[in-house]
Structure formats: C-alpha cells, structure tokens
Amino acid sequence: MTAARALAAELSKLLSLPATWLTIAGTLAANLLLAVAFAQAALRGTAATRDVVDVGLASIGYAQAGFVVLGVLAACSEYIGGQIRTTLAAMPHRARQLAAKHLATAIVALPAAALTAFCGVALTALVLGDTPATFGPILGVTGYLLLTTLIGVAAGALARRTLVAVAVLLGYFFVAGPLLRDNLDLAKYLPDTAGAAMWFPAGGALTPAQGALVLTAWTAALIAVALAGHHRRDA
Amino acid sequence: MVTIDGLVKRRGGREILSGIGFSARPGRVTGFLGPNGAGKSSTLRVLLGLDRATAGTALIDGVPYARLRDPLGTVGAVLDGSGAHRARTGRAHLRWVARSAGLPRARVDEVLELVGLTHAAAKRVGTYSLGMGRRLAMATALLGDPAVLILDEPVNGLDPEGIRWIRTLLRERAATGRTVLLSSHLMGELAETVDDVVVIDAGRIVADGTLGEVTGAHRTLEDAFFALTGGGSRLTGGGAR
Amino acid sequence: MRALAAELAKLASLPAAWVAAATGVLVPSAVAAMTARGGPVPGGEDIGYQELAFGVLGAIVLGVVAISSEYVTESAESGGGRQITTSLTAVPSRTRFLLAKMGAVAIGGALLAVVAAAATMGVVQAGAQTPPLGAGDVPRLAGVVCYWALTALLAFGVTVLTRHGVVPLALFIVNTSVVSVTYLLTKITLLANYLPDMAGVRMFIRRLPDNDVEIAPLTAGLVMAAWVAALLVVATVVFTRRDA
C-alpha cells in the first residue's frame, strides 16, 4: 500500500516535470534526424552495411545520451529547490522511496525507448525502401536503453548534481568506454560494451543474452550502491 | 508531542549539537530560539530524519520520524525555501505529495485556498516570490492535517499580513490540541506567539520553560535572549543595553 | 582587467573546473599510454594528437561550468539564489562581464591544453617506437592549444544561450566520441568538413580516416575561429538583451 503510494508519487513527480518531456521529445527528434543521416550515408555506400535494422539502430549509439540524461534528471531534480526535504518528509523510508523512483523512471523510459528504437528503424526503412528482416535487435535496444536510464538514476542519486553525473556518465559512454573497448580485452565485460552486444553483436565477443546479463548485473550493483548511499547519508 | 533527548551531531569533526534535550507539548506553541548557527536547523533536520544523529534521540509521539506510519498525517514541516522544484507548478507539487500519502486531490485545492495561493496554483514555482514559496511550503505541511507542526523561521520572507496570518494559524492549531514547534531568531515576533520557550546557543540548551519563566526578571524576551546567549555584549562591546 | 582577474579567480575556485582539468590531462595521457604500449600503429604520425583530440573533453566541461555555475540552484540550502545576480551587481556592464568570462575561459582552456599536451607527448615519447618530436611539431602543438581554447569558448557560448549546462554538455561530449556526429555528416555533405570541430582538428591532425578533404592548418584555424566569433557575438547580443 505504502509502496504503491510511493510509486504513484514518484510517477506524478516525473510526469509533471517539463524536463522529462523535453528530454524524451528531444531524444526522439535527434534520433530521427540521425537515422536519416545514417540512411543517407548508407545510400551513398559509405557505410559498412545496408541492412535496415543495423542502419536504423546505428543512431542509438548517440541517442542513448538522452536516456542517460533522463535518468540523471529524474534523480537530481530532487536536489533543486530543496525538494528532497519534502520528499523525505512525505516518504521517510528512503530505500523504498528511491526504489520507487527507479521503478517510476523505468515505467516512463520503457515506452520512450521502444518508440525511439522503432521509429528510427521505420524511418530508415522508408528512406532505404527496404523492409526489416528481424525485430530482435529492436527489443535488445529497448532493454539496453532502459538499463542505461536506470544507471543514470542510480548515478544521479549518488552524485546529486546533474552536471557531475551527466559529465561522468557521458564521458564514460562516449569517450572512455569506446577507447577502452579498442585497447583492453576485458572491456567486453564493461557496461557499455556488454550492453552494445544486446543489439549490435558484430562488435563484441558476448552474445546478446550474455550482454544483457552483464549489463543487468552492473545496473543492479549500481542501484544497490545508490540505495545504500541514500539510506546512510544526510539528506 | 516532540521529545528530544541527549542529541549530539558532529559534522566534519565539529560538534554542532552537544547533547541537547527538550520537548514540545500538545496544545502549546513552543518557540525554539537561538542566534544564527546555534544549531536550530540542525536539530530540526535530525528530528525530521533528514540528517542522522551522532548520538541521542529525537522522537515524534515516541518514534523516530522514519518509522512513522503516516508521516504527513502526523507531522507537517516547513524548512527554508519552498521545498519544491522550480520547474513544477504549485499544484503539481502538492499533487505528488498528496499521492505519496494517498490523500484525495480535493485536499490539494483546500490547502491552496487555505494559504491563499489558489490564483498562483498553475504557475511554476520558479516564478513565485519568496513569500509565495513560503506559503507553498506551508500548504505542503498542512496537506495531511498533521497533529504536529514543525517550522523553521516561519516568518522569514513574509509580509506583515502574512506574519499575522501565520500567527493566527499557529494559535488555532495549538488551541485544537496540536503541537507546534517553531524556530526563530526574531524575538519580538516570538513573544507574541509562543507559550513555551527553548533557547539554544552554540549547540547547547541555555534556557527551557514557559514564556514567563524564561523572560523572568528581564523586561522583554529579547533582553532575556541577549542575556542568555551573550549576543548583546558581543554587539555592544560589553556595555549596558 | 579587474573583471578578468575576478573571473579567473571564480573559475579557479570552482571544484568542477579542477575536475575538468584532471579529466583533460588524464584521459589523453592514459589513452596514449595504452596506445603506445600496443606498439607501432597505423597513422603513427598522429599518435598523441589523436588522444588530445578526445582530451578536449576537459576544455568542454571548463567552458560549460564557467557560465552554468552562475545559474545553478541545485545546492540544498541555496534558497533559489543564483550567483549571476551578484556577478552583475559587481560588474554592471554585461558586455564587460561576458568578455571577462570569455578571457578566463580561453586562458583556462589554453593552459589546460599546454599541460595536457606536455603530459600526453611525454607519455608518447617514453614509448620506444615513436618518432621524436621535431620542429614540425611546434605549429601542430600550437594548433592543439588553439583547438582547446576555441572549443572551450564554443561550449561556453552555447551555454550562455541555454543558461543550463546539461544540454550543451551532452551535445559536446557526444560529439567528442570516437565517431562524432559531425564526422558522420561529412559522409553526407562535404560542407560538413567546415563545421567547427571538423575544421578545427585539422590544425594538428594529419590524416582523418576515410576523408580526402584537405584543409590547410591555418585555414582550419581561421574557419573554427570564425564559427566561435559568430557564436560569441550572438551570445553577447542575447545576454545583454535578456533579463539576468
């Protein structure tokens, strides 16, 4: 009962925040633009592949930034205007409150992720005049984006500062991660490379299922750390 | 009923609260007085479960805040600022708080009316004036019609009309048997509102009693306060006031 | 001059600026260490320089926080107070305030580039198979310093317009990735080679993968500087006209 109320409150918070909608809309729009760009590149034969699903999902590599930001905003918005005090006064059971926030963010991120992945592929199919052969990778991408969003929530709850969390996570996902991937064999077990195996198996040594498992383990571990930190620290 | 006993809080090696204890009883308005940095807000933050005590207890009706069954129905708290995200509307803020306690939506409009914010309910909190932000915080505190009200510097940022409104409200709450605990450094304001007074200075309780007892031989509560905290001598270089 | 000193002091007292500096120095030198360990690599003439092209991340964060910190309201007890109010009361001329900030950001970005380039090239030179630095590297290293300073100003200019750091930070970091969005655009139109970052890196990178467009280093610097100048003019006009 209290858990359901906490979830309702967290959902209400997330949905009444303009930043949530702006981030989702911005990500969706940016993903569509990039999908067109990738499709154009494929038409000119400068891309490595012409498979509709591969080309249509290539833009996700960039669009994931929007989901990371969505997760971080969900967590860090608590620390604007002293809202965290109101939150903890209303929901003093901290672990339950933060767990509810993760769940609420997942509920919002899931349809957004599925929509982003599907629209990108659909638009690419339109530009390339071809139909997708398989939908498996779209599911993989949806799961990947969902887990990435949750990593954003957990990291945001730990950092408490939007800019810090965004800089660290995006610095990892876009700069450090890819460089490690090229230089370090163990990098295939890191969250970004393992996660990429969920929808772009060509690059990694892991199967999509293994990749999903590894990324889920990373996400769960980070959420556990965030819950423990939230419980122990002064607000 | 608020009971604080042997409360110690250390932050970064510095002792902010050195074993303080007092209580706020139902049916009375208790004033928690002290100069800036004396430990008022730290005490209230521990009481509300925002910060953890190094030692000692701060209980509401005999339990720590975090273990209250129905937190919003038991305690309403106003700390500094609005306690709301600036991008949300006032009504949206109150709605999520109401959801967390399973309160009906109609209650949101009731408290908006009560604090006089109905006209600004659809505006974003970021556009609110300081006083409006305080009224929103007050509305949040009253949402669950709690038995205990805890307010940190409630009159800060309020205009004279707002001050009179809050004074009347606090007296009414106490008259109906509820507990009111408010902190302040504005003596003149307190003297007209409170029944009991607790004075804190540098993390220690230096006086605790009814308004009459604490004022004692001094002419006003303000004089008593300066005598107790040594603030007057600091400001006037030891001369008589 | 006094306004510039104030802005430099502000920047130096921001913890985020030091985190940015650490990132900017550690990322390229650590990656260079890994690459150098791996032995001779194709495109060896760009070793060290490629890493410095990623390390610009530090300059980006610096440019963003220099202005976003003026608007931040996240601190638990700030009560909605924003530093910009204090800043503009101290330096009432908005143009002068912004010019001072630009000066501080450019100096910060350039200093950071010098330290990062020294660290990265030191690591590269320690590797056995790398050719020693010669006279030809002097203009290239100067190019790195210009690129970092200009990128910091670019990130700064966009953040002046948005007033919040998240969007510019996300856009710029995403575009620092190994395969940047602007690089993708060059696959569609050759004009994309003249976007600020694609042109800018040519001040010091000799060979871009799958790219035949030649832009001389000096031209490249001028193209990027023109972008930055245009953006900063827009930012200044907007900043002086809107409410703080």
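As written, the chain order gives the labels A, B and C, with residue 1 at the start of each chain.
FYI, a residue touches a chain if its C-beta (ideal position, glycine included) is under 8 Å from a C-beta of that chain, and two chains touch if they have at least 3 such contacts.
In UniProt terms, the chains line up like this: A, C = ABC transporter permease; B = ABC transporter.
All of these numbers come straight from a predicted model, not from anything done at the bench.
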{"item": "Shortest contact path, chain A to chain B, counted in steps", "value": "1"}
{"item": "Chain located farthest away, centre of chain B as origin (C-alpha)", "value": "C"}
{"item": "Most central chain, Cα average position", "value": "A"}
{"item": "Where chain A and chain B are represented by their mean Cα positions, the distance between them in whole Å", "value": "41"}
{"item": "Between chain B and chain C, centroid-to-centroid distance (C-alpha), Å", "value": "47"}
{"item": "Centre-to-centre distance between chain C and chain A (centres being mean Cα positions), rounded to whole Å", "value": "26"}
{"item": "Residue numbers of chain B (touch at least two other chains)", "value": "80-82, 86"}
{"item": "Where chain A touches two or more other chains, by residue", "value": "80-82, 84-85, 235"}
{"item": "Junction residues of chain C - those touching two or more other chains", "value": "73, 77, 79-80"}
{"item": "Chain B to chain A touching residues, read off their complex", "value": "45, 48-52, 65-68, 71-72, 75, 77, 79-89, 92-93, 95-97, 99-102, 125, 137, 140"}
{"item": "Interfacial residue positions of chain C with respect to chain A in the complex", "value": "16, 19, 23, 27, 31, 34-35, 38, 54, 57, 61, 64-65, 68, 72-77, 79-80, 165-166, 169-170, 173-174, 176-179, 181, 184-185, 187-188, 210"}
{"item": "Contact set on chain A toward chain C in their complex", "value": "34, 37-38, 40-41, 44, 46-47, 61-62, 65-66, 69, 72-73, 76, 79-82, 84-85, 160-164, 166-167, 170-171, 174-176, 178-179, 182-184, 235"}
{"item": "Touching residues on chain A, where the partner in the complex is chain B", "value": "1, 5-6, 8-10, 12-13, 16-19, 77-78, 80-86, 88-94, 232, 234-235"}
